[in-house]
Structures are given as structure tokens and as C-alpha cells.
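Each of the two complexes below includes chain A, the first together with chain B, the second together with chain C.
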Partner chain A sequence: MSNQTNTLGKRRQRSTNLAALVFLLPVFLILTAFIFYPIVDSFTISTYKWNGIAADKTFVGLSNWSKLLGDREFWFAFRNNIVIMVMSIIIQIPIGLAEATFIEFAGRKATVCKVLWFIPMLMSSVAIGFLFNYALAANGGMISAVSKLFGGGNIDLLGNKSTALMTVIFVIAWQFIPFYMVYCMAAYTNVSEDVYEASLIDGATKGQYFWQIALPLLTPSIKSAAILSMVGSLKYFDLIYVMTGGGPGTATELMATYMYKNAFVQFNMGYGSAVAAGMFILITVLSLVTMRMINGKKEV
Partner chain B sequence: MEKEFQKSSIKSRTSWAAAILLACIATITAVLPFIFMVFNSFKGKFEMLTKGVFAPPEKLNFANYEEVLSGGFVKYFGNSVFVLCLSLLLVLFIAACAAYPLARFRFRMNGFLYGVIVACMAIPIHITLIPVFQMTKSLKIYDTIWAMIGPNVAFALPISVFILTSFMMGIPKEIEESAEIDGCNKYRMFFTMILPLAKPGLSTLAIYNGVNIWNEFSFAYTLTQSPKNRTLPLAVWDFQGQYSMNTPMIMAVLTLTVLPMILLFIFAQDKLVKGMTAGAVKG
Partner chain C sequence: MKNRMKKITALGLSALMCFSATACGDGVQETPQGGDEPAEASADNADSGAEAADADTADTGSDSGDKVITFWNVGTEGADKETYEMAIRQFQESSQSGYTIENIPTQNDKYKEKLVIAMSSGECPDMYTTWSGGPMNEYIDSGYAQPLDDLYEKYGMKERFMEGALEQASYNGQLYAIPVKNISIAGIYYNKALFEQCGVNVPTTVSELEAACDTFLSNGIIPFTLANGPKWTGSMYFQCLAARKGGLEPFQKAAAGDGTFEDESFVYAGEKIQEWVNKGYFPEGFNSMSEDDGQAKAFFYTEEAAMYLTGSWNTAAFKTDSEDAGNDFYSKVDWFSFPAVDDSTADASILCGTMGDQFISFNCTDEKLDAAFEFATYLSSEETIDYMVSASLIPPVTGVEEKITDPVSKSIIDAANKASAVQLWYDQYLNPTVANAHLDGNQEVFGLTMTPADANKKMQEAQAEYLSGK
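Right, the complex of A and B next:
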């Protein structure tokens, strides 16, 4: 009897396994073809000198990798990624949180703000890149127009090596602040209304409520937002490629734009693959370390 | 006592004033570039330079729009619609298929396979760009609209599976149990019960992925070459080559590419906002 139920159970498990296989097959086929295989292939191509078109590839071993390790431009691009990452977290999340808090406190009256503040999110990175290219242009741009109003001359923020990166950081902030605003608004809905009312009855001011009650409750959400922002900043490409192409010089070069230029402008696929693979390793390591740190703290 | 109350109300009044001032600055910053785009799109090439960039256009002049629309813009738009529809259908169906066993079956590899899929969320597309480029060339689909479908689907899947799996975990188990007693197998159950019940999750995902696919740039830029096979984000790119010195014309192209999103925002604001932030799930 028990033997019988056992085989029945086994048969059942087998049919479950089969169904799982059937349902999971498509996703793994696609991921293998477009993600897993290409990752392996990138590492393979990185050991060749190849222009991507000609049939002959020359095996060069690890020379692309040793070139990458000593490549100042790549490490400078990595530094730019880190600057953008840090500045994004410092600028975007606090402003997004401030906007969400304002809407939370002002209630219905702030609906207009909510709608208007969301507007940048309606545009794609590419459209934003082009828009600001023209809006910040030295000739006929907004900043120059304002400067002329006060008697100044044309200002070329993007064409100037010392201001280009900060300008790009500002544009990225313009693009993503609404995202963190909506994110923090969602986080606020998890802080229960009762907590808010109780604290006001106890005589807390809104400021006290924010700093001492809401903020600690929002901290886990803010931490996740920081991880999102971090991973996003390291992968950044579209907006900067459209706006500056990494220039002037290498002032706004990122790992991704550097990779693209090597592979698809200079057609140096071998070295481009090494850059892409290096970028992949750096992003993976940095995300793992950060997640370990944040999750580790949770356990303590 | 009363004095203290007055003091605190004055203090809160000044802090509100400061907050409102900051809110106004935030509003101007968020809206001004947008106004710059829309206003200038209606201006003539020289009107913008002589009248100043912030001045409203003299009249609603649709000449720029007419020129853009007759200059091949419709083709880009059609390509975008095609790529969007096909990619979205595939993503939603494949993700639903994958999420079903991950959320509701018990089998040995479940946790591991789920982990592998979810880990793909952090992978930068650039590590796949060169091999995918080579692959499209050898499959002879380079510079066709088919080239974008595979990468679009692949990079939308991890987060879709992630969100749908947690959504499907929330569907009550009893529904499945009673159906199973009635002799319904897992495949029929998926199509008749789970898929219809997962509709709210699927619609959120449709918006999230839809916006991303609509705006996708890197693969479209790398895998296509001729204007007749390119999608909307590249329309701006290609038009810029043509009209680089004509700012109002570029602004008209930009306004047209943003238009679908503006319409969606006006008519389905809540759904759009919810869908676009679906990616921001708690880690």
C-alpha cells in the first residue's frame, strides 16, 4: 500500500518536473541565445585581434586584457562612472524624497506638482539627450539666453571640459528625479496613516515626524533605491552617447561609450570585447559587494 | 502658552513658504526644457533666433511637423509599433510560462533556476552587443526590423519573470486544487485559470516593458543601418544629420516621438505611473 502511494507520488513528481521543463524551456532558450552565449563569446573574442568583418582573426592571448589593465582611458571612464554614480545617489534620491514628502504633507493641493514633476519621465534617454543638446547649446540655448539677459555672453556648458561632466550629471538628475519621487511616494503609502496621526496627536511637528518617524521607516526603501541607482549608473550609455559622445576629449567618457567606440567606430572588436568583459566584471563585483554589505547589515 | 503657539505657527508658516518656493523651483526646472521643446517646434528657423528661445511662437505653425511627417517619420513609427507589438507579445507569454512553474510547482531546481533568471537583471547589455551583432549578421537579419526582437525580449524577460512570479504566488492555492480534483492538468490550468488571473500583473508589465522597448536605443542603433528599418529613437538621430542647424525642426521630431507617451499620460496616468515604476521592486 505504502509502496503504491510512493510510486504514485513519484509519477506525480515526474509529471510536475516535465511540466516545469516545458514551461521553462522558452525562457532559457532565449536567455541562452541572447545573454549566456554572448557573455561567453565576448570573453572568447577578447582573446583575438579582429575587425569584426574579415574572416581572419589573430589569436593574441591575454594581450587585450593586459592592455585594458594599463589603459588610462578605460580607468578614467570607470572613474567617470563612479562620479556619476555617487552624484546620482546624492542628488536624485534626496530631491525625489523631498518632493514625495512635500506631496505627502500638502495632500490634494499638490496634485499639480505631482503631474508636472513627472513630466521628464515621459521622455526617452535619447530624446532627453537631444533636447538638452539644443537647450544647453552655446548658440540659441536656454542658459545662454538667460546669461544674455544679465548681460553675459554665450555659455557652452557641454563643450567645456571642466563643466561637461557636471552638466551631464545635472541632465541625468533631471531625468531620474521623478522616478525616485514616485518610488518614495509608493514607500510612503507603506507607512501607515495611523502612525502619522498618532504622532501629530502626540504633538510632533511635521519636521519631527519626518526625521524621527518617517525617515527610519523609509530607510529600507531608500537603500534599495540606492542599489538601483548604482547599477543603473554603471551601465549608463544612451543619454551620454547622444549628448556628448564621451567628449569633449574624454571628459564624459563612460565604460559603455568607450566600449562602443572601440568596437563599432574603430572596429576593434577584440579590444572592444575586452572592455565590455571588464565592464561586466566590475559591475558584477560592485553589485555583489554592495548587496552583501546591505543584506549583511540587515542580519545584524 | 499662546505666545509659544504663535511662535510655532510662524515657524511652520515660514517653513511652508520655503518649501513652496523650492517646489516652484523644482517645477520650473522640470517643465522648462519641455516648454522649450514644444514652443520652438512651432517656430520658423529664424524666428527662434530673433525672438528669443523662451518666447511663445507667433502662431501655431505646423510647417515643421508637416515636413517631418512627410520625410519618412511614419516609417520609423510603423517599425516601432511592429517591434513593440511582437516583442511585447513574446515577452509576456514567455515570462508567464516561466513564472507559472517557478511560483506554483515544487521541484528540485526551482530556487536555482529562479536565481539564474533574476541574476540576469544586473547584466549590462554591452557585454552581449558584439556577439549579438555578429549573430545577426550570420543569420542574415542585420539591418532588418527582426534584428531587434530577440535582444529586446531577452533583456525584458528577467524582470518580467521576477515580477510575475511574485504576482502568481499571490493567487490563492485553492483555485488550483479544486481544478486539479476536477481532472484539469497543468497545461490546461495555465491557460484557463492562471493566465486570466494574472492579467493585472501582465498589464503592469506590458506598460513597463512597452515603454522600455519603445525607447530602446543601443541595439536598434547597432543592429540596423538604413532609415527604412529603424525605430523611433533613431529617427531623431537620423533627422539630426539632415537638419543639424535647424533647431525647431529637431524639436518637432522630438515632440512627435514623445507624443504617444504624453497621450498615455493624459488618458491613463495612474496605470502609466504604476507600470513605469514596476521595476523598482524592493530588493
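Right, the complex of A and C next:
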């Protein structure tokens, strides 16, 4: 009798395994084709001198990598990425959290705000880029128009080396704040209603509730939001590409735009791949270090 | 155990997350909305390219036997578009080859990137246009263009084109392209009415030009309109000034490695630009304005700016825009070549630009190549040429000056015929890395954030590196 159960169990196990295999196979194939293979291939190509279109490439060993290590423009781009990363975390998450908190406290009355604030998230990056290019245009843009109203001249935020990066950071914030707003709203739903009521019964003000109770409960979500924001900033490409193309000069060059220019504009696929692979290493290391720092105490 | 699994998952996930930066870049952040809007898809070209680049051998995938010739170009609107469509009609009506042309125009600045990505993924079109120079040579070296000397003989096209145009269509002594469309040279369009109103004559020297600019400034008129967002627009000032100061030699020597971009004519060009910027010769905020959006043209059309240094392809745009608006603006426009530098002995007839604007190269073989070439000959058929001339384009064919009646085009063709030499655009002539160094540096020179000496030094460093890696 027990023997029979055993075979049944085995059969059941086998069919479960088969189902798992069938369901996982497509995902695995897609990941292999579009993620794992390109990663490996980027590293391979980075050891070649190749213009990206010719059939023949020359093996150059690690010379692309040694060039990358000493490449001031790459490290300048990396520095820009770090600036965007820090500013994104400082600006986007607190504002997103504030918006979510407002909506949470105001309840139904805030539906209008919820919808309005969410709109930027519905637009594609390219559309946002064009929109702000027109809005910030030195001649006839909004900022210039306001400045003229007060008797000033045209203001060229994107064409000026010292303001271009900050302007782009502002636009990126405009785009992504709604994402963190939704993220925090989702986090709020995890905070039990009972906790809120209990704290009110105990005589807490809304401010006290937020700072002493909600915020600590939201911290894990905020931490993962920070990591999302960090990784997103380090690999940022689209808005910069549309709005400034890395300019003026190289003032808003990012690692990703630098990689793109090398690989596709300057016919230097080998070096472009080295930049891509370098980005991969930098971002992975930074994320792991940050995760370790944030979760460190818990993990050990 | 649980912790270890967690760690492994975290590691795996973070690796995935990061990777989407380097190869896919489709934005984990934006997941709620997904990235499937068409606008995003097209701008994410870079990504598809990164993956596509993995297709190792770039085979000529288009030779698949079907009788369709794909033709990529930048003729998205106006006379450019009509020219290509006209030639296609003629070809479809009279060709015996049985082929049809599929015309795929793409907007200018996106086109260059799209083409490279197509090539890197083995999807190179059968016919495509380039601006000749460095990138064209790069395509030829990579096997994406066929030598055309035999076909030139067969269709008797060698006599059809101006010599300078054929020279720019050649590489290593062989013809690899057919010049089409417009003679495109840098020169200054000006508003005759504003010149008259301020009592300014057409300047023949840089000091006269500066005097004219000062007069305009004191009358509240912007001397030059300029949109330097795309960088190549400002590069024209640099090229013209350098060519007037030292002729062609300094550039040719520097490009060949016998000279340097730190030569005095380049220093002069950079310093003049900064002097003009400081004096306010350009509209405020020019350094981020977009040429493709017509922001430079806007100042010229509204008669806020008196002069517009740009390529001569704009004649057609001025004419059609003026007609579309139903005003007489076009009758106020005329053109002069960049004035001479006062104390320089350099030949002031030298022009900067190209003798064809577009050059069609062919990525197909045998019968298909023959048919494609036959199609290209219709781009310089009498009928097409007549249309182009009527649309204020100047095709680089011999004897075209007799057909031209338009006064602006006449000034341009006169200058072209008188020119002792034509200097191809720097950003087309130079290796793309060096060209990029030049464009980036020059934009900063315009923005007053880099000294001309530093910009030239950067350009020279890029050139030296390119030559050493050659």
C-alpha cells in the first residue's frame, strides 16, 4: 500500500517538474537570448577593435579596458551619473512620499490630485523630452517668456554648461516623482488601518503618526525605492539623449550616452562594449554595496 | 539556508536590473506603463542596436531574390521628397528590369544613427545616401558599397556630373557613389531689405562684416541667426573662418598628420567666434536651439536677424516656406560667400561644403545593382533636373548654370564655378571620433566655456590618437 502511494507521489512530482519546465522554458530562453548572451557578448566584443559594421574584427586583448580606466570623459560621465543618482534620491522620493502622504490623509477629496500628479508617468520619455525642450527653449520658451515679462533677457538653461545638468535633473524628477508617489501609496496600503486608529485613540497627532509610526513602517519600501532610483539613475539614457544629446559640449554626458556615441556614432563598437561592460560592473558593485549597507544588519 | 537563497536571489536580481541598463535599457523604473509606445520604441534604437550588433557576420541580407530595391534617404519633405518620388515614377514607368523601388525616408539627424544600426545588424538597405567623407569610407571599408566604375561607363554618367562631385563620390581611386541633389556650400544668406534699411553693403572682408554687424546691433537687429544645438551649424563658422585665414592647407595637413589643429588659422577661427559671441552677434540662447525645428530660420523669417550662415540647401526651404506663407519674403533674400580675412593671402574663392549634398551608395550585386544604378540615373534625368532647378536646388550636373534663373541660386552657382577648391565639411571629412571632438569643443567655444586653444588641443589629441591607431 505504502509502496503504491510512493509511486503516485513520484508521478505527481514528475508531472509537477514537467509543468515547471514547460512554464519556465520560454522565460529562460528569452532571458538567455536578450540578457545573458548579450552580457557575455559585450564582454567578448570589448576585447576587440571593431567598427561595428565590418565582418572582420581585430583582437586587442585588454587595451580597451586600460583605455577605459584612464578615460577622463568616461569618469566625468560617471560623475554626472552619480550627481543624477544623488539628486534623484533626494528630490524624487521625499516629494513622492509627501504626495502619497497627502493623498493618504486627504482620502477621497484628493482624487483630483492623484490623477493630476500621475499624468507625467503616462507620457513616454521622448515626448517629455520634446515637451520640455520647447518649454525651456531659449527663444520663446516659458522660462524666457517669464523672464522677459520682468524685463530680463532670454534664459538658456539647456545650452548653458553650468545649468544644463540641473535642468535635466529637474525634468527627470518631474517624470519619476509620480512613480514614487504610487510606490509610497502602495506601501501605505500595507500599513494596517488598525495602527492608524490605535495611534489616534492614543492621542497622536497626524504629524506624530507620520513621523513616529508610518515612516518607520514604510522604511523597507523606501529603501527598495532608493535602490530602484539608484539603478535607474546610473543607467539613465533617454531624456538626456532627447534633450541635450550629452551637450553642451560634454556637460550632460552620461555613461549610457557615452557608450552609445562610441558604439554607434564614432564606429567604435569594441570600445563602446567596454564602456557597456564597465557600466555593468560599476552598477552591479554599487548596487550590491548599497544593498549590503541597507540590509546589512538584518542579514547577519 | 533561507538567508543564502535570499542573497543569491538578490544578487541575481540586481545583476539583471543593472544589465537592463547596459544592453536593454528599457527602464525597469517605468514598469507600470510599459515601454511599448511607438515613440519610445523608435528612440530606443540604441537598444535594439546593441542586441543586433551581436549578429556576427553582417551579411547582405537584402539580396533575398525578391524584386524590391530598398532605398534609404533623408528626403522626408518638400522638394527633396518630390525629387526622389519623381525619379521613382520615371523608373517604374520606363525600366525593363522588373524591379520596384521602396522609398524609406528618415529625418536627417536620426538617419545617420539608423543607418549604422541597420548595417551592424546586417540589415543594410540596397541603396542609401551618405554625405560622403569619413563615414562613407567607413561603410566602403566594411563592404557595404560596391565600386561603380563599370556602371558609370555603361550608363554614360561620368560626363553627366561635375568633376568635384565625382571626386567626392570616389574612394581610393574608384567611384563608390552617385552624387545627387544639391550643391551644398556654406555661405551667408542675407535680408536685402534690412541691409538697405541700415545702409549696409554686402561685405567683402571680415572687418566690413564686423562693421555691418555693429550697425545691425545698434539698430536692434540680430546680426546672425544661429541654432547651435546640433553643433554642426556652429562648425560652419569655424570652417569658413579657418579657410579664409589659412586656405585649405592647414586643415589638409592636420588631417593627414603632417600639421596640427593648433595651427594659427584654427586659433584665429576660435578666437573670432568668441569675440563675436561676446559682442552679441548671435541670438540669445543659440547654443541649445534646434536647427531641425527651424529655430534659426525663425529669426530670419521674422526679419529679426539680418544674416544666416548656413548650407545652400536652404534656398529651396526659403522659397517654399515663403510661398506657403504667401508673403514676399523670398524676394528679399540674397546670398554672398564668406568674406575674406583682411590681412590674409588665402584664396577667398575657396568654399566649404559638398558638391552633391547626398551620395547614393549601393549594397547589392549583379542584376539588382544594375537596376538600382539605372534608377539612380533617373535622379539626374532632364525632367528631374528641371524640377530640381525650379525648386531652387542646384544638382551637381554639368551645364546646370544655364538652366538656373533664380537669383539666389545664381549667386551660389557663380561662387561654385569660381571656387578654386571645395573644402568638405569637417564633420564629414574627419574620422567620426575626431569630428565629434571638434563639434563638442566648438560648441563649448561658442558657449564661452572652453578656450579656443583648449578646444583645438582636444581636437588634435583625438586626431593623433586616431592616426596612431590606424
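Everything below uses one rule, namely that the second predicted complex is superposed on the first by the 275 of 300 C-alpha atoms of A that agree within 3 Å, B and C clash if a C-alpha of one lies under 4 Å from a C-alpha of the other, contacts with A are read in each partner's own complex, and residues count from 1 in each chain.
Following the convention adopted for this analysis, a contact is a pair of C-beta atoms (placed from the backbone, for glycine too) under 8 Å apart; a residue touches a chain by one contact, two chains touch by 3 or more.
Please read all numbers here as calculations on a predicted model, not as lab measurements.
Chemist: So, A:Tyr209: does it touch chain B (first), chain C (second), both, or neither?
Modeler: neither
Chemist: By the touch definition at the top of the document, which applies to A:Glu99: first (chain B), second (chain C), both, or neither?
Modeler: first
Chemist: By the touch definition at the top of the document, which applies to A:Phe78: first (chain B), second (chain C), both, or neither?
Modeler: After superposing on A, A:Phe78 lies clear of both chain B and chain C.
Chemist: Look at the residues of chain A and decide whether chain B or chain C touches more of them.
Modeler: Greater contact footprint in residues on chain A: B.
Chemist: Given the touch rule stated above, what does A:Ile119 touch, chain B (first), chain C (second), both, or neither?
Modeler: It touches chain B, and chain C stays clear.
Chemist: Let me test your reading of the model: by the given contact rule, A:Tyr188 touches which partner, first (chain B), second (chain C), both or neither?
Modeler: In the superposition, A:Tyr188 touches no partner, neither chain B nor chain C.
Chemist: Applying the document's definition of touch, where does A:Tyr48 land relative to chain B and chain C: first, second, both, or neither?
Modeler: So A:Tyr48 meets neither chain B nor chain C here.
Chemist: Given the touch rule stated above, what does A:Tyr196 touch, chain B (first), chain C (second), both, or neither?
Modeler: Neither: A:Tyr196 stays clear of chain B and chain C.
Chemist: In the overlay, answer first, second, both or neither for which of chain B and chain C A:Pro248 touches.
Modeler: After superposing on A, A:Pro248 lies in contact with chain C but is clear of chain B.
Chemist: First (chain B), second (chain C), both or neither: which does A:Ala127 touch?
Modeler: Once the two structures are laid over each other on A, A:Ala127 reaches both partners.
Chemist: Touching chain B in one complex and chain C in the other: list those residues of chain A.
Modeler: In chain A, positions 34-35, 37-39, 41-42, 45, 52, 121-122, 124-127, 137, 179, 182, 228, 231, 234-235, 237-238, 242, 256, 259-260, 263-264, 269, 276-277, 279-280, 283-284, 287, 291 sit in both the chain B and chain C interfaces.
Chemist: Quick one: in the complex, what on chain B touches chain A?
Modeler: Residues 8, 12, 15, 19, 22-23, 26-27, 29-34, 36-37, 48-49, 52-54, 94-95, 97-98, 100-102, 105-107, 110, 113, 117, 120, 122-135, 150-151, 153-155, 157-158, 161, 186-187, 190, 214-215, 217-218, 222, 233, 236-237, 240, 247, 250-251, 254, 257-258, 261-262, 265, 269, 273, 276-277, 279-280, 282-283 of chain B touch chain A in their complex.
Chemist: Per the contact definition, I'd like the list of chain A residues that touch chain C in the complex.
Modeler: It is residues 34-35, 37-39, 41-42, 45, 49, 51-55, 121-122, 124-127, 133, 137-139, 144, 153-161, 164, 176, 179, 182, 228-229, 231-232, 234-235, 237-238, 241-242, 244-245, 247-251, 256, 259-261, 263-269, 276-277, 279-280, 283-284, 287-288, 291, 299 of chain A that touch chain C.
Chemist: Hey, which residues of chain C end up touching chain A in the complex?
Modeler: Per the touch definition, chain C meets chain A at residues 3, 6-7, 10-11, 14-25, 27-30, 32-33, 35, 37, 39-40, 42-44, 46, 49-51, 53-54, 57-58, 112-113, 116-117, 119-120, 135, 138-139, 141-144, 228-229, 231, 283-290, 295, 298-299, 432-433, 436, 440-441, 443-444, 447, 449-450, 469.
Chemist: Can you check the complex and tell me which residues of chain A touch chain B?
Modeler: Chain A reaches chain B through residues 13, 15-17, 19-20, 22-24, 26-28, 30-31, 33-35, 37-39, 41-42, 45, 52, 95, 98-99, 102, 105, 110, 113, 115-127, 130-132, 134-135, 137, 140-142, 145, 174, 177-179, 182-183, 186, 205-207, 220-221, 223-225, 227-228, 231, 234-235, 237-238, 242, 255-256, 259-260, 263-264, 269, 272-273, 276-277, 279-280, 283-284, 287, 291, 294.
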